[in-house]
Each structure stands twice: as structure tokens, then as C-alpha cells.
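What follows is subunit A paired twice: with subunit B in the first complex and subunit C in the second.
Entry: the complex of A and B
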């Protein structure tokens, strides 16, 4: 099949590449609307307080202030699209009270003629607070009965799941391993800061919102609910976006809804733009986890029991925590076959900035713990860590116990084998051990990550393909492209299915007035879920096209094919017609017809196929300073089929780089509720010059439910990086690092501990 | 989250030092000199109303004269990094410090004067200049004066400059033969570009491992860059061996006043001073012969 493909499987140039590299592409910050006002937020200086009085008199007298909207009238959106399923759950999404729950929580917004005046107005507003005691530690918050961050208590949710009989399982085990792991609060740090939007509440009651969201259609519904508008009157337009990574997986706390309220009050469009500092301090980050993991294993290396206890730090407001917890179990723990499992999770509110969706969605945290534990077990059993994984991972034909569906494509063994070979695993593992100041170490990890969300959440994807009189086509899709290139991938799929060149496909803007319902860009789903919708819509258009072709060429439909923009009879290629000629006839020439062919598809994907992957890391540790440098990484991923291999490699390299940051340098430092590293000098993401050699390997297992065999990739790429690096550090220094991020100070302490333990 | 806006209302480009000092003295705290702008345009201080550009003052030069090397305050770090003057002898310590600072794009703009006058406790160049016994020439309403660079720094972002004064040039005296120097910088790991967790410069004059003279300068471990005086005294006039160097490194770490911040704890910094000083001294010894 592969050699018959024309566009799929090729690293074609991004359809938006020229606009981007020439600076023509417009991002939200570039947009201007006539008569536009500028807004600023007044944010709480306290981590926990009740707003008792707001006096805006002085600000209202400011000649350039046009509107003020406060916490007393503007709701916060505190759920996600899980809440859209029932009216009752949807009501719970909108929280409106006068309590601020973290330092930087918005109290009010001011819209003025210009940014400076808006900023000035903030100093003219007097807010009185009744300060409340603050809770920063989730363990303390769990125990606290009197001081409640939210009405229902500090435990947002407690989930307990049980499979098999763990007591029995631990009895069958020859060894039991028990460890506690802690992970950090990582920030998305996308190149475009999170937090720019324009809201235009028109006089006739039509609301247009420009925002760099991953979820145009869900955002539209959230906004309709917040403003009390029917959905048809809300239009969400997503301009070009400079990276998302989950940080735009919902409305931004204090952004769009505030702009809408201010716009409605002022009767003018309102733009607001957070600074990078505001992004760091007051938008969502990755949930820090505390993980207690107990694993039983036989001496032959068979897992018999697994007991997992998780505590998630939700922050001041909850959005994605249920999903993140569920993914830690399904895609995280579910990686391995184990008959007896208990899983217990607590999601706990604290008076810190909120946590939400972030590339990997609970899986990187769980994977760090589990893959560190697996490494310890392999060592104890004197097994090669790779072999130990091969023995235990849940593969082809096996049933996912959480969703009860079989795995239909499985490239894990290839990922492990090809990754190990490229890395030189066997040779490096059996190398001579270093004894000097600089010591090398190697480590690996593996993972799976589900594609899409169809077994847990509403997960629609839709597409419309409209054929034009010259044989070209317009693809209408609301599949948000955050910069990863999925609009290009969807265009490739449409071109392949229709049999026309890629240049003849145009992809619509991401606009809810133009493009049909889509569940958003998250869960590594757009190639798979979005791709399936596009493929079906293109097939639908093709079917109609072939019906006309059949009449015109007098050939049976089923013996017609389209390739390179020509419809031909497979039995006799000389019977053919160009798609353009045919379309012109149908659409314009034939006055009795004059019809546009429109293909359409909407619905959910049939499965949530797991992407498999393996990471191999080589590090060098300085025994005197504790510094570690990742020298080399290999990432091998089973993507079913790479629709655009260069895009897949880009995802792998970017994900690994982000994973190195998660492992070694990234983590918000919070002192008494205040985020102190709120900039790129103090919060270190990797720069291009910090990224080591990363070898990206693509494995293609051909997912039978996927478009041309494809499944997801985006998130999987950083899931196991931290564990592979931590395992390599162990190999170098002989001490386990169980807390992220692994700073050089922590490594030096570990080296000291190791030296004490061995009596040196 | 920042309050206020950086929006200077005036921009001046004085043609000579007199004009510059006149502008500085008349605008006082509301004026700021701008050279490369790599600190100023990042900090964007909202109190600044007047920018005084040093571009027309002809302060970008590196000259060798009878009495050492003189560097104009507006010389870019990139020029210093690539200059032949700092490619051999103890003077390499300056190009090492320059090449360890920031990114090539920043080094193309940032100047030595700016790096000195910003008076960051973690600055890289001052340490190299300190071990080279440099002096700085200052120009003000009352004419010019010269200070040893070690006393130029007073506190975090505070120097000995009066409101009407500006830094004109840096002078490096010649070092005796058999002198070697080195610069080392510890960053947060996996980062090639970072402010120093700890940075260190060392200079040794020695023959046959006998230490005639020594300088050690430490950064990011006090409110200003400091000399490790006790460590210097310990080394001077002694035969150098691994044990003495290690001892001096320990002594140096005791001379610091480290603090905890986002990059590291005080305790870690103290310990790293010892590691870096030991390494810098050993490296300097190997360079004494060349």
C-alpha cells in the first residue's frame, strides 16, 4: 500500500511555512480590531482572601477608562468538557464568589483606551481583603477540616479502583518494592505567552472572540454559558498559535470571559494580553504528583501486584484533574500487564496557581515513578531492563483493563530493539565503569500513550471537503494547529484520499462560524481523530465525484480511481478525465446541474490506540559539582504510520528536549505562595544550544483503525524522558533520584548519601 | 508582575565626555547611560526619563601601550573575546570570561563598561579584571579619577560612580612572566547560557611550583564580586602542591557570604567555590609556564 501513496508518508513542506518564516502570519498579539480597548487585571496580592469591598470611584473618573468588571459579576470557568455532558455539571463549571485562591488570582479587569491608562487605573482602585490562612501543602490541605479552599472541601475528588486481589498478588511475589516519588510543577513555556484574546460583543448580541485556544468549539460553548448566550451567537476564531502543550486546553483563567464582560459593558472590542510573568504566575501548569508505589514481582520477572497511591496538587481551581488522574491510571499504570492492581488517587486544592492539562496529562509523572521502579526491579533480578519491559508490557491483542478494548497495533518491541541498537545499549551497559570525577551512565524507559479521549470524554471530530470548479478543494476543519503542523497533515490526508495534489487543498481558518464541531487539539488526537474525519469527508466527496465521472465516462463507479487529479478507468487508463474538467462541467457548464460537491463527516473515532515508545539516555555526572549533562538521547516511537515523517521527528526532538527540562531544570519554585522564578532567566527551559544529540526513530506498526494506519505522537515524546535520565544518573552514581526536577544540588546530596551508605 | 512602563521621553547623544557628564548631572536619577542596552532594555526601569547614548564618545577600543592594555568602556564583549590581546598569557582569562557570558547575539551588543557598571554580583568580566589588577578610569564634573576595580563595586547594582560620572576605560597592567590565569563558571546543569551559580577567576605567578603571587576573585557569593584575600595569603610565598591548593580552595569558600536564591542554596555555593577555586588554581599552574 505504501508505495501507492502519493502525499501521505512524505515530509512535505508546511502549508503555512512561508507565511510564518516571512513574518506574515498573524498571531493573537498582532491582531487589532477597530475601536479596540485594552484591558488589564488587578490580581490578588494574597494567596487566600475574601474580597470584602471594591471601590472603583476614582478609576471611573479617569477620562480614558471605559469599563470595569469585577469578581462580583464575572464567573471563572473551573471545569472542562466533561462538564458539558449534563446541564447540572455544566452549571458547576461557572464559579462565582468573592474569594481569591492564589497569589495573582484576578479580582477585576479594567478596559481603557490604551494599556497605560488601564494600568494606571488599577492603582486608583481600592480593594479591601479579609486575609484567610493559606494552604500550600496538599498533604496538609487533605487533613484540614475547617479551612476549606472550596465549599466542598479541599479534596476535589478521591478515586479508588481495584483489579484482581492485590493481597494475594503480593503473597505470590518473591520481591516487593516500595518507593515514594515526587514530581515538579512544570510550566508550558510556549514561545507565545499564554493569555492574549480579543472579545467583541456586538451591539446586536453577536460575540466574536479571537483567542489562541486548543479548543475553539468547546471554548465557544463555555463562553455561551458564561455570557448566557445561545451557542450560535458566539464565534471563536483561533489565529496562528505559538505553541500550546496543553496550556491552552480551555479558557484561560481571567482572560476571555473577562474580555467578554468588559466588551459587553463598554460596547467596544476589548483586547487583553498577559505578560510572560503573568503567564508564569497565574495560568495553568503541570500537576505536581506525590506517588507511592508498591510493586510485587516473581524472581522470573513477572509482575504479580501493583499498588499505587497518588496525590495531585490541583492548585486554587480545578479544571483537568479528573482526566489527568484517569490518564495516570489508564495510560500510565496500564502500560504493564499485572493481574492485581489497586489504584487510589486524591486531587487536592491548595492556594497556589492552578494546574491543568500539559503534554502527557498525568502520564509523565506516573511514568517517572513506574519506570524508575521497573529499573530497580530489573537490577534486583539481574535482568536487562529492556528484556524486563518486553516481558511485562501489554501488547498486541491484549485488553486494556480500564477501557476494556484490545490493542490492535503494537510496535513496542521494534521501538525497544531499534532504539537499543541505535543507542549502542548492549555495549554501553557492559562498558568499564568510570572512577574519576566525570562518570557516564546509561538508562532507558518505555511508555504508551493513548490517542484521543473517546472512552472518557466527548471526543468529536468533523470535516467538510468542498470541491471547486477547477478540481481543487477546500477543507473546512476546526482542528486547531498550535504550531505542530496538523493542518498540513490533514491537508495531506485529504489530498491522498481525493487523489489530487497537495497544492490543490486549502485548509480553512480555525473559525467556529466556518468549520464544524471538533473536540480540540489535545490527547495527540488530530492526526488520528481529525485525520479520520477528514479522510471520511474526502471519501464522501470522492464518492459523489465518481458518480458524476461514471456517468460522464460511461464506466462503472467501482472501476474508477483518481490519482494526480485525473479520474481514470483502472481497466483502461486511456478512459479518463481531469478532475478539474469534470468539476467544471458539474458546477458551471451543465446549466441543469450547477452543483458543488461537498463531502462531510462528523463523529468519534472507533478507538484510542496507544502510541508506544522507548527512550535511551546517556549522561555524564560531575561527582564534585553534581552537574549532569545529557550527552545523547534516542527516542523511538510507534506512530502507526508517519503521515509526515519530518513533523514526527520534530515532535520527537521537541518532546525529548522538553523532557530533559522536566527531568533536570524545570519546576516552578513557590515561596509562601509566590512563584519566584517567573521568567526565563530563573526558570530554565532548554535553549537550542542546550539540546544534546537526539536521534529520532519512527516505527510504523499500521494501526488498523487509523487514517492510513496512523495514531498519535505529540504527547508520548516526553513521557518517559525523565525516567530514562534518572535511570542513567543511577547507573552513573549508584544512587536513585526520586524527586523532580533533579537539580545538581540534589545529585550532590545523593552522592554524599551514597558515599555514607557504602562507608566511604 | 511589573508596574509602570518604561518610556523615556528624551534621548541624547553627547559628542564628548563633558556633554555627557553635564547631561548626567542635570538629569540625575532620571537619566541612564545606554551602550549595548542588553541590561537596560530588559530591566526597563520605569523611573528612567532620559537616555544618554555613549555611541558618539569613541569609547570602543583595545590598545596596547607601554604600560599594559587599555579597553574603552564601549568595547563589545565580542571584540574582547576575539581580540589577539587576550589570546595568550594571563590575559586569556578575560576572553574566557567574555565567552562565558550570555549569547553571541548579546555579546555583539553588550559592552565591557555596561557589564561592569551594572554591578551584578554574578557578573563574569569583573572577576577576570580583578585578578589582572585592573583599574578603571572615571570621568565626571570634577575631571577624571582612577580606581582599582576591586573597590569600584559597592553593593548589588551599586558602584562608586557619582551621579555625574561615567566609566571611560579599563586599564590592565602588564603581568610578570610565568603568570597564568583562568576563569571558571558553574551554571545550572544542561545549560550553556546562564547566570553564574558560582564563578571564579584565579591568577598565579610561580616558578618551579613556587608561588610568588596569587589572586583569586569570586562571583555570585556576596553582594559584590570579592577577592579571596586569605586564600591568596595562604598561597603566596609557598611551594604549590595539591594539598596546599585544596586548602586554599577551602579557605576561599570560607571567605564568601553566599545566599539562597532560585539558582542554588548558600551551602551549595560555598561548597562549589572550593571546587571551582581548586580547579581554577590547578589550571592556572599549568598555564604559568606558557
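Entry: the complex of A and C
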């Protein structure tokens, strides 16, 4: 099949790259709308307080202030598309009260003629607060009965699941391992700061919102609900986006809804842009986890029981926590065969900035714990960690107990084998090079990550393919491209299915007025879910086209094919017609017809296939300074089929780099509710000089339900990086690091602990 | 505070402007002249997204006051290509799939341009060192580094700066 493909499987240039390298691509932050106002937020200086009085008189007298909207009228969106299923759940999604729940929580917004005036106005507004005691520690917050961050209490949700009989399972075990792991609050740190939107509430009651959202269509519904408008009156336009990684997976706290309210009041368009500091301090981050893991295993390396207890720090408001917990569950229970499992998860509110979606969802957290634990077990059993994984992972034909579906494509063994070979695993494991104060170590991890979100969540994808009179086509899709390149991939899929050259496909803007319902860009879903919709829409158009061709050429439809823009008879290639000629006839020439061919598809993907992967890491630790240097990293991922291999490699290398940050440097530090490292000097993401050699390996297992065999990739790429690095650090220094991020100080402390323990 | 009159040349065109003493070059380029190809990622000198060239050198436009560049010639990403032809750096970034979200890209390219102005044959290490003032969250830098090395080779061949 592979060689018959013309454009799928090729590293074609991105359709948007030239606009980006010439500076012509417009990001939300670059947009201007005629007559627009500029807005700023007044944010709470307290981590927990009740706003008792807001006096705006002085600001209202400011000649350049056009509107003020406060906490007394503007709701927050505290849910996600899970809430859209019922009217009751949807009501719960909007929270409007006068309590602020973290330092930086918006109290009001001001719209003025220019930014300086808006800023000035903030100092003219007097707000009185009744300060409330704050809860920062999720464990404390869980126990607390009196002080409630939200009406329903501090536990947002408690989930308990049971598979088999764990007591029995632990009895069967020869060894039991019990460990506690803690993970950090990582920030997306996309280079375009999170938090720019323009809202234009038109006089005719039509609302247009420009925002860099991963979810144009869901955002449209959220906004309609917040403003009390029918959905048709809201239009969401997503311009180019400077990276998202989950950070734009919904409306931004205090942004779009506020702009809409201000625009409605002022009768003019309103733009607001958060500063980098606001992005760090007051937009969603990765949920920190506390993970208690108890695992039973026989001496032959068979897992007999697993008990998993998780505490998720939700922050002041909850959005994605249920999904994040479910993702952790699917790793904790799904990755390895183990008959007896208990899983318990608590999502807990604290008075800190909110947490939400972030590349990998709950998987990087859970994977760090699980894959560290697996490493400990393998060591105890004196098994090669790779072999131990091969023995236990759930593969082809097996049923994932969480989602209760069979695995139809499984490239895990290939990922492990190819990754190990490229890395030089066997050699490096046995031959250690230690120099002076430097110790080297190697470690690995493996992972799975589901593609899409169809289980438990609405997960639609749609596409429209319109053929033009010259045989070219327009693809209408609302699949947001945050930089991954999915618009290019979808164009490749449409071109392949239609049999026309890639250059003859144009992909629409991401605009809810133009492109049909889509569940958003998250869950590594656009190549698979979006791709399936595009493929079906293109097939639909192709069917109509072949019907016309059959009439025209007098050949049965089923013996017609299209390639390179020409319809031909497979039995006799000389019977053919160019798609352009045919389309011109149908649309224009034949006056009795004048019909455009429009292919269409909408619906949910048939499955949620897991992407498999393995990471191999080599580190060098300086025993004197505690510095860790990642020497080499290999990531091997089973993507089903790579529609655009360069894009896949780009995801792998970028994800691995982000994973190194998660392992070693990235975590927001919060002191008394205040985020201390709110800039790129103190919150360190990797720079070009920090990135080691990263090898990306693509494994193609051909997912039978996927478009041309493809499944997802984006998120999987960083899921196991931290565990592989932590395992390599253990190999180097002999002490287990159970808390992310693994800073220099923690390493020094661990080396010290290790030395004391061994009596040196 | 009173405004100051300055004249600056951006991509070959001179502008006479009255600017506030605190206005940055970044704000002037983006807000006044509509040259939004130069990006803002932090507005305090940490990310490199705002890099432009003055006198062939890379500077951070967010840390540069407009009044400081009175009389200077400024080259931004919008001025790099010749007619419809992209600059070899731009071409290499496209070809090498070095662009993902593209937000860091103008800054990277302008920084690389300045490097190649004075070092037409940089080593990978030198490229990485230079590029370390540009944050990129998408690519892991691998492909941008490759693209710059490739552009350098092509430019040496064409003797084009």
C-alpha cells in the first residue's frame, strides 16, 4: 500500500511555513480591529478573600475609560466540554460570586482608549476585601471541614475503581514495593504568552471573538452560555497560535468572557493581552500530583497487584481535573497487565493558581511514578528493565480494562527494540564511564497514550471538501493548528484521498462561521480524529465525482480511479479526463447542471487507539555540584503511520526537550500563594545550548481504524521522559529521586542521604 | 513627559516619528508601524522573540528605546526577502521543517542573520550558542540549528549576505 501513496508518508513543506518565516503570519497578539479598546484586569492581591466593596467612581470619571465589568456580573468558566452533555452540568460550568481564590484571580476589567489609560484606571478603583484564611496544601485542604474554597467542599471529586482482588494479589506476591512520588507544577510557557483575545459584540447582537484557542467550537458554546446568546450568534476565529500544549484548551481564566462583557458594555471591540508574568501567575498549569504506589510482583516478574492513590492539586478553580485523573487511571491501570488493581483519586482545591490541561494530561505524572517503580522492581528481580516491560505490557488483541476496547495496533516491542539499539542500551548498561566527580547512568521508560477523547467525552470531528471548477479543492476544517502542523497533515490526507496534488488543496481559516463542528486540538487527536473526518469527506466528494466521470467516460464507477488530478479507467488508462475538465463541465459548462461537488463528514472516531513509546536516557551527574547533564536521549514512538514524518520527528524532539525540562528544571515555586518564578530567568525552559542529542525513531504499526493507518503523537512524546531521566540518575548516583523537578539541590541532598545510608 | 522627534529607517523606508521617551523599539515597530513580524514573548529581554538587526547586529527590540535608535537603519523579518524570493535563511527554515508554531522564528532568523554577517561558516556549537538567546518551546532547536547551518552553506555558495 505504501508505495501507492502519493503524498501521505512524505515530509512535505508546511502550508503555513512561508507566512511564518516572512513575518506575515498574524497571531492574535498582532491583530487590530477598527475602533478597538484596550482592557486590563485588576487582580486579587490575596490568595483567598471576599470582595466586599468595589468603588469605581473615580475611574468612571477618567475621560478615556469606556467600560468596567466586575466580579459581580462576569462569570468564570469552571468546567470543560464534559459539562456540555446536560443542561444541569452546563449550568455548573459558570461560577459567579464575589470570592477570589488565588493571588491574581481577576476582580474586574477596565476597557479604555489605550493600554496606559486602562492601567491608570486600575489605580483609581478602590476594592475592599475581607481576607479569608488560605489553604495551600492539598492534604490539609482535604482534611479541612470548615474552611471551604468552593461551596461543595475542597474535594472537587473523589474517584475509586477496583479491578480484581488486590488483597489476594498482594498475598500472591513475592515482593511488594511501596513508594510515594510527588510531581511539580509545570507551565506551558508557549512563546506567545497565553492570554490575548479580541471581542467584538456587534450592535446587531452578533459576537465575534478572536482567540488562540485549541477549542474553537467548544469555546463558542461556552461563550454563548456565558453571554446568554444562541450559539449561532457567536463566531470564534482562531488566528495563528504561538504554541499551546494544553494551555489554551478552553477559555482563559479572566480573558475572553471579560472582553465580551466589556465589549457589550462599551459598544466597541475590546482587546486584552496578558503579560508574561500574568501568563505564569494566573493561567492554567500542570496539576501537581502526590502518588502513592504499592505494587506486588512474583519473582518471575509477573505483576500480581497494584494499589494506586492519587491526590491532584486542582488550584483555585477546576477545569480539566476529571479528564486528567482519567488519563492517569488509563496509564496506571492500562499500560501493564495486572489482574488486581485498586485506584483512588482525589482532586482537591487549594488557593493557588488553577491547573488544567497540559501535554500528556495526567499521564506524565502517573508515568513518572509507575516507570520509576518498574525500574526498582526490575533491579530487585535482576531483570533487564526492557525485558521486564516486554513481559508485562498489554499488547495486541488485549483489552484495556479502563476503556474496555481491544488494542488493534501495537508497536511497543519495536519501540523498545529499535530504541535500545539506537541508544546502545546493552553496551551502555554494562560499560560505565565515570570521570573524576562525574558519574554516568542510563535509564529507560515506556508509555502509552490514547488518541482522542472519545471515551467519556464528546469527541466530534467534521470536514467539508468543496471541489472547484478547475479541479482544485477547498477543505473546511476547524481543527486548530497551534503549531503542530495538523492543517498540513489534513491537506495531505485530503489530497491523497481525492487523488489530486497537494498544491490543489487549500485549508480554511479556523473560523466557526466557516468550518463545521470539531472537538478541538487536544488528546493528540487531529491526525486521527480530524484525519478520519477529512478522509471521509474527501471520499464523499470523490464518490460524486466518479459518478459524473462514469457518465462522461461511459465506464463503470468501480473501475475508475483518480491520480495526479486525472480520472482514468483502471483497465484502459487511455480512457481518462482531468478532474478540472470534468468539474468545469459539471459546475459551469452544463447549464442544466451548475452543481458544485461538496463532500461532507461529521461524527466520532470508532476507537481511541493508544500510541506506544519508549524513552532511553543517558545522564551525567556531577557528584560535587549536583548538576545533571542529559547526554543522550532516544525516543521511539509507534504512530501507526507517519502521514508527515518531519512533523512527527518535530513533535518527538520538541516533546522530549519539554520532558527534560519537566524532569530537571520546570516547576512553579509558590510561596504563600505567590508564584515566585514568574519569568524565563527563574523558570527555566531549555535553551539551544542545553538540549542534548535527541534521536527520534518512528515506528509504524498501522492502526486499522486510523486514516492511512495513523494514530496520535503530540502528547506521548514527553510522557515518559522524566521517568527515563530519573531512572538514569538513579543508575548514576544510586539514590532514587521521587520528586519532580529533580533540581541540583535535591540531587545534592540525595547524594548526602545515600552516603549516610551506606555509612560513608 | 514630552515626546521626542526621531527618524528611523525600517527595511529601507524612513519614518519621522514623535515618540515618548519610554517607548521601546518593539512597540514602535509593532504598534505604530504595524510591523508585527517582530514578536513579543516577554518584553524584558529573556526570550529573543523581538530580535531585529541594527548595523548588522542582533539587538533585542524590547530592551531598546526608540529614542536610542534615532537615525539608525533597522532590519526586521519583513525586510529580509528580496521581492518574492525568500532569504536563504527563510527558505532553509521552511525546507528543514524548522518552523512549528513560528512565533520564535522571526527572532531566530534575525539572530542567525546577524551571526552569519560576521561568521559565514559557523560550527554547530557556535550556532547553538547564538541561538541560546532565542527561546523555542516547540522544536527542541534541532531543526532550526540544521536550517541555519544549511543556509550558511548556501549563502557561502552564493556569496550573499
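Here, the second predicted complex is superposed on the first by the 753 of 760 C-alpha atoms of A that agree within 3 Å, B and C clash if a C-alpha of one lies under 4 Å from a C-alpha of the other, contacts with A are read in each partner's own complex, and residues count from 1 in each chain.
Note that in this section a contact is a pair of C-beta atoms (placed from the backbone, for glycine too) under 8 Å apart; a residue touches a chain by one contact, two chains touch by 3 or more.
Everything numeric in this text was worked out from a predicted model, so none of it was measured.
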Exercise for the section: Determine, under the contact definition given at the top, whether A:353 touches first (subunit B), second (subunit C), both, or neither. Expected result: neither
Exercise for the section: Scan A:21 for contacts with subunit B and subunit C and give back first, second, both or neither. Expected result: second
Problem - First, second, both or neither for A:83, with subunit B first and subunit C second - result: neither
Practice task
Could you figure out whether subunit B or subunit C reaches more residues of subunit A?
Solution key: C
Exercise for the section: Scan A:512 for contacts with subunit B and subunit C and give back first, second, both or neither. Expected result: neither
Exercise for the section: Could you say whether A:119 touches subunit B, subunit C, both of them, or neither, answering first, second, both or neither? Expected result: first
Exercise for the section: Have a look at where A:196 lands relative to subunit B and subunit C in the superposition and call it first, second, both or neither. Expected result: neither
Exercise for the section: For A:665, select first, second, both or neither according to whether it touches subunit B, subunit C, the two together, or no partner. Expected result: first
Practice task
Kindly classify A:689 by the partners it touches after superposition: subunit B alone (first), subunit C alone (second), both, or neither?
Solution key: both
Exercise for the section: Name the contact category of A:243: first (subunit B only), second (subunit C only), both, or neither. Expected result: second
Handout entry: Overlap of the subunit B and subunit C footprints on subunit A, listed as residue numbers
Key = 275, 681, 686-687, 689-690
Problem - subunit B residues within the subunit A interface of the complex - result: 1-5, 103, 186, 188-195, 262-265, 268, 271-272, 275
Practice task
Report the residues of subunit C in contact with subunit A in the complex, numbered from low to high.
Solution key: 30, 34-44, 46-47, 49, 76-78, 80-81, 86, 89-90, 93-95, 97, 99-106, 109, 127-129, 131-145
Completion exercise
Residue positions on subunit A within touch of subunit C in the complex are 11, 13-14, 16-27, 29-30, 32, 188-193, 240-245, 275-276, 482-485, 646-647, 649-650, 653-658, 679-681, 685-691, 694
Practice task
Give every residue of subunit A touching subunit B within the complex, in rising order.
Solution key: 43, 104, 115-116, 119, 123, 275, 277-278, 281, 624-630, 660, 664-665, 669, 676-677, 681-682, 684, 686-687, 689-690, 743-745, 748
